[in-house]
Every structure is written in C-alpha cells, then in structure tokens.
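Dropping the structure in here first, questions after.
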Amino acid sequence: MEKTDQPAVGRRVWAIAEGYIPSGSVGQAREQVSHEAACLLNAGDVPAEVEITVYFADRDPAGPYRVTVGPRRTLHLRFNDLTDPEPIPRDTAYASVIRASVPVVVQHTRLDSRDPHFALLSTVAFPVA
Amino acid sequence: MEKTDQPAVGRRVWAIAEGYIPSGSVGQAREQVSHEAACLLNAGDVPAEVEITVYFADRDPAGPYRVTVGPRRTLHLRFNDLTDPEPIPRDTAYASVIRASVPVVVQHTRLDSRDPHFALLSTVAFPVA
Amino acid sequence: MEKTDQPAVGRRVWAIAEGYIPSGSVGQAREQVSHEAACLLNAGDVPAEVEITVYFADRDPAGPYRVTVGPRRTLHLRFNDLTDPEPIPRDTAYASVIRASVPVVVQHTRLDSRDPHFALLSTVAFPVA
Amino acid sequence: MEKTDQPAVGRRVWAIAEGYIPSGSVGQAREQVSHEAACLLNAGDVPAEVEITVYFADRDPAGPYRVTVGPRRTLHLRFNDLTDPEPIPRDTAYASVIRASVPVVVQHTRLDSRDPHFALLSTVAFPVA
C-alpha cells in the first residue's frame, strides 16, 4: 500500500504501440545485443503482478506473458527474453499492452546494434488507465 | 467493443508535430530505408478506420489518407508508403493528425539511415481527444 | 476557430526541460547542422501567436522570442535560428516554455552531428495547460 | 509564486522507469562522457527543493538525493554526478522518482558514447502528481 500522504506512482494499464527486435547485433555480449525493453518501476510496497499481451500485424495476439516486479524495485524486461507461452519473433512489427495489479510506471527503450554503431530510442509508454 | 471490465485502450485523435523523411538511405532493403512511421495499436474488438491529415509549412494540408487497423492488430504505417491522394514529399518538414473510429494508441518513430549508421527516435504521439 | 464537432488540437502552454545545441557539426548543409527544434503544429483555423521563454542554469531567462504559425500549418522552429532578442548560446544547457494564443502541439527534436554520424532524439513536449 | 494569470508550469512528482549509465565512453571531455540526465525546469518564482529516490532490480532504493533548482532556472542533473548518500552504480539498471517542493518539469536524456559514435535518447518523464 502507498502511504496515505503519497500519491500512488503510476498507472495499472499501459500500451506500447511500437515494437521491433532486430535479429542482427554487432556483438554477443548481453549489453550489446539488439534488444527492446519495457522498463517497469514499482515504487509501491506490494509486488506488482504484470501481464503483457503482444499484438501483431497479421495474427492473433500472443500471451499473456507474466512477470512480477517486487515492491520498491525496477525490472528492465527485455522482450527478447520472453519465451512463455512463445518467443517474440525477430524482425517483426509488434505492439504490447501491459496490465499490472498495482500502479507501475512503464518506459519503452530499444537498443539497435545491427549496425556496428548503436542507435537508441526511448519513450514513456502510453498510460491507458 | 471493449469488454465492460476493461478500459478502452487509447484515444481517437492523436497528433504528431514532427515529421521528416530523409531522401537518402544507406541501403535499399526495406528495413534499412530511412523512414518515418506511425505505429498504430488497435487493442479493441472492432476494426479502426483511420484518417490521417498531413500538415506542411507553406501549403494546405494533404489527405485524408485512409487505413484500417483490424481488431487486436497493430499497423506500423510508414509515411513513405502513403500515395493516395498524394505522396509525402521527402526532405520536407511536416506534421500529422490521426483520427480513428475507435480508441487506438499511436507512437511515432523515425529511422534515419542517410548516414551509413542508423539513428532512431521515438515518442508516443500527443493524445488530443 | 475549430469546427464545433472537432476537439481543439493541442494545448496553449508547453514546456521542454531539455535543451542543448552542440557547437560542432559534421557538415554545413542546413539539414546536417547540429540543431534543436521545437516542432509546432497549428491544426486550427486561426494563426497561432507563439512566445518562447528560454531558461538557463545560472542567469535570468531570455526572451520572449516570437513566432507565428499560420492556420493549418506546421513550423519546425530551430532554436539555432532564434536571434531576437539574443541568440541561444551553443554548448549550454537550457530549457524552454512555449505559450501560444491558440491550441498547438509541440514536439522537441535534436539532431546531433558533432560526430560524423548522426544521433537523434525526440519527445512530445510537456503539455502544461 | 506563480502569477495568478499563469498556470503553474509542471508537476511535483515525476517518475523515470529507465536508467542505465554505461561505464565506457569514447572520450573523457565532460560533454563526451556517457551520461544520463534528469533535466529539471523550475519556471516558477521560488526555489524547488528536489528529492530523488533511485530504485534497483535487486536491492533497496538509494537516496534521497537532494538538489535545489533556483527560481526561473534549469538544472540538467547528471545521475553520474550524484554521490551523496552513495554513487549510482554503472552498467546497472535503475529507475527514479523525483519529488519537488513546487511544480517543475522533468525530461530524461541519455548520451551513450561507449561506441565511438554517439547515441541519444530522450523523453519527458511520467508526471505522477
């Protein structure tokens, strides 16, 4: 529970309309692999149970993928790492909706290292509700 | 229709104040061509009929361009691909307003590959209404 | 005036907390010069009279700088081009508040070409009111 | 105090769910060192007393870190520079919540110069309250 004198930090439903994991990478070190992340912040005092649904251009959605973010913890979740119920395909446009059991904050980031030089993007996700 | 226990995901009117398609690209493969995209997510259960109006610095707006995003689908729409009623000029500043028949989420992304190395930007569009 | 069946597109006061114009550029062509832009969209039917105040770390604000964005037009305003009442210093952190006479949408973009390869950032500005 | 005919510029609580300071940099000049910044704008007429709490994946939060942003000033605060009560670890995922005594605007920016070529990201932080 949030302390009564503090507002809850975040929202319970978020959307990321952009998604794309390049299959190529300049290096194989984990920090250099092309990846796309949903950075989740749970600033509250109870665990956040999170469900992620992934949408595609031409097939039904995948998921839900489930992760837990502990109280007063952040999880920088790589879509690359999701495997259950199925991996996210590479080189494929997707989007995602993230639903949490308590308020969280979600930021979307991509590191593209196909090219031998990095490119980065980031944006706070869209707070749905 | 959204299920009654779920909030609708998104808004019906969005704006992107930045727009610019570089004419140069390092490669001709589709994933390497400099491009600018409006990533649209329709997480609802009915098709989203979308109209895009494109604004310029020194002439009247172009459009509307029309696309449909199926239910539970995402469309990563490249402005490069718009041709009807007219193509979007390259190397020209523009902006856009996107109106959908049902709530959607819109994210703006550019891949600039004029340079032999990629640069990326992305931001959730501005939710107008 | 907006048509009565359409919501006004945007807000009248926006803030950009990040600002930095690198003094170096790989090229002198206008599209290659390192620059920082406030992309302004006026989707309405009357001109937007815009005032920009620029804030610094250790001195009083500069401005207001004044520009007009015509009806149904976009202006990708480069901070580099502002000279009246004074130029924006290079290699200096700044921030800005943008006030318009009618609703507009503001997006912040930087092209950094100090390096021979481009880097890009962009975000919708913060809608204050 | 804000003038009564002007809205307060910003919010008092902000969150940044993404955070990562690469340990490597192409150069040692301050403007070339890989860094992550919270750009703070205080457009009001009284000082903003700011407290930053930093969240991690697997340990309790650090902080609060305290800074002051003068009236009508901006502070581009590098997380790299925070040392009291403890430095922010490099190559480590983190997130932050920023609480100010008066309304401010917060934008998050990273310059990644591990690679000999720069990559940039930026987004307005999430306005919590």
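Per-chain residue numbering starts at 1, and chain names A, B, C and D are given in the order in which the chains are listed.
Note that a residue touches a chain if its C-beta (ideal position, glycine included) is under 8 Å from a C-beta of that chain, and two chains touch if they have at least 3 such contacts.
All of these numbers come straight from a predicted model, not from anything done at the bench.
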item	value
Interface composition of copies chain C and chain D: same or different, split at half	different
Taking each chain's C-alpha mean as its centre, the one farthest from chain B	D
Rounded Å distance, chain B centre to chain D centre (Cα mean)	30
Chain centre separation (chain B, chain C; CA means) in Å	21
Chain B residues counted as touching two or more neighbouring chains	116-117, 119-124
Chain B-facing residues of chain C, complex	7, 9-10, 31, 37, 39-41, 43, 72-76, 104-107, 109, 116-124, 127
Chain B-touching residues of chain A, taken from the complex the two chains share	13, 15-20, 22, 53, 55-58, 60-61, 91, 93-95, 97, 108, 110, 112, 114-117, 119-126, 128-129
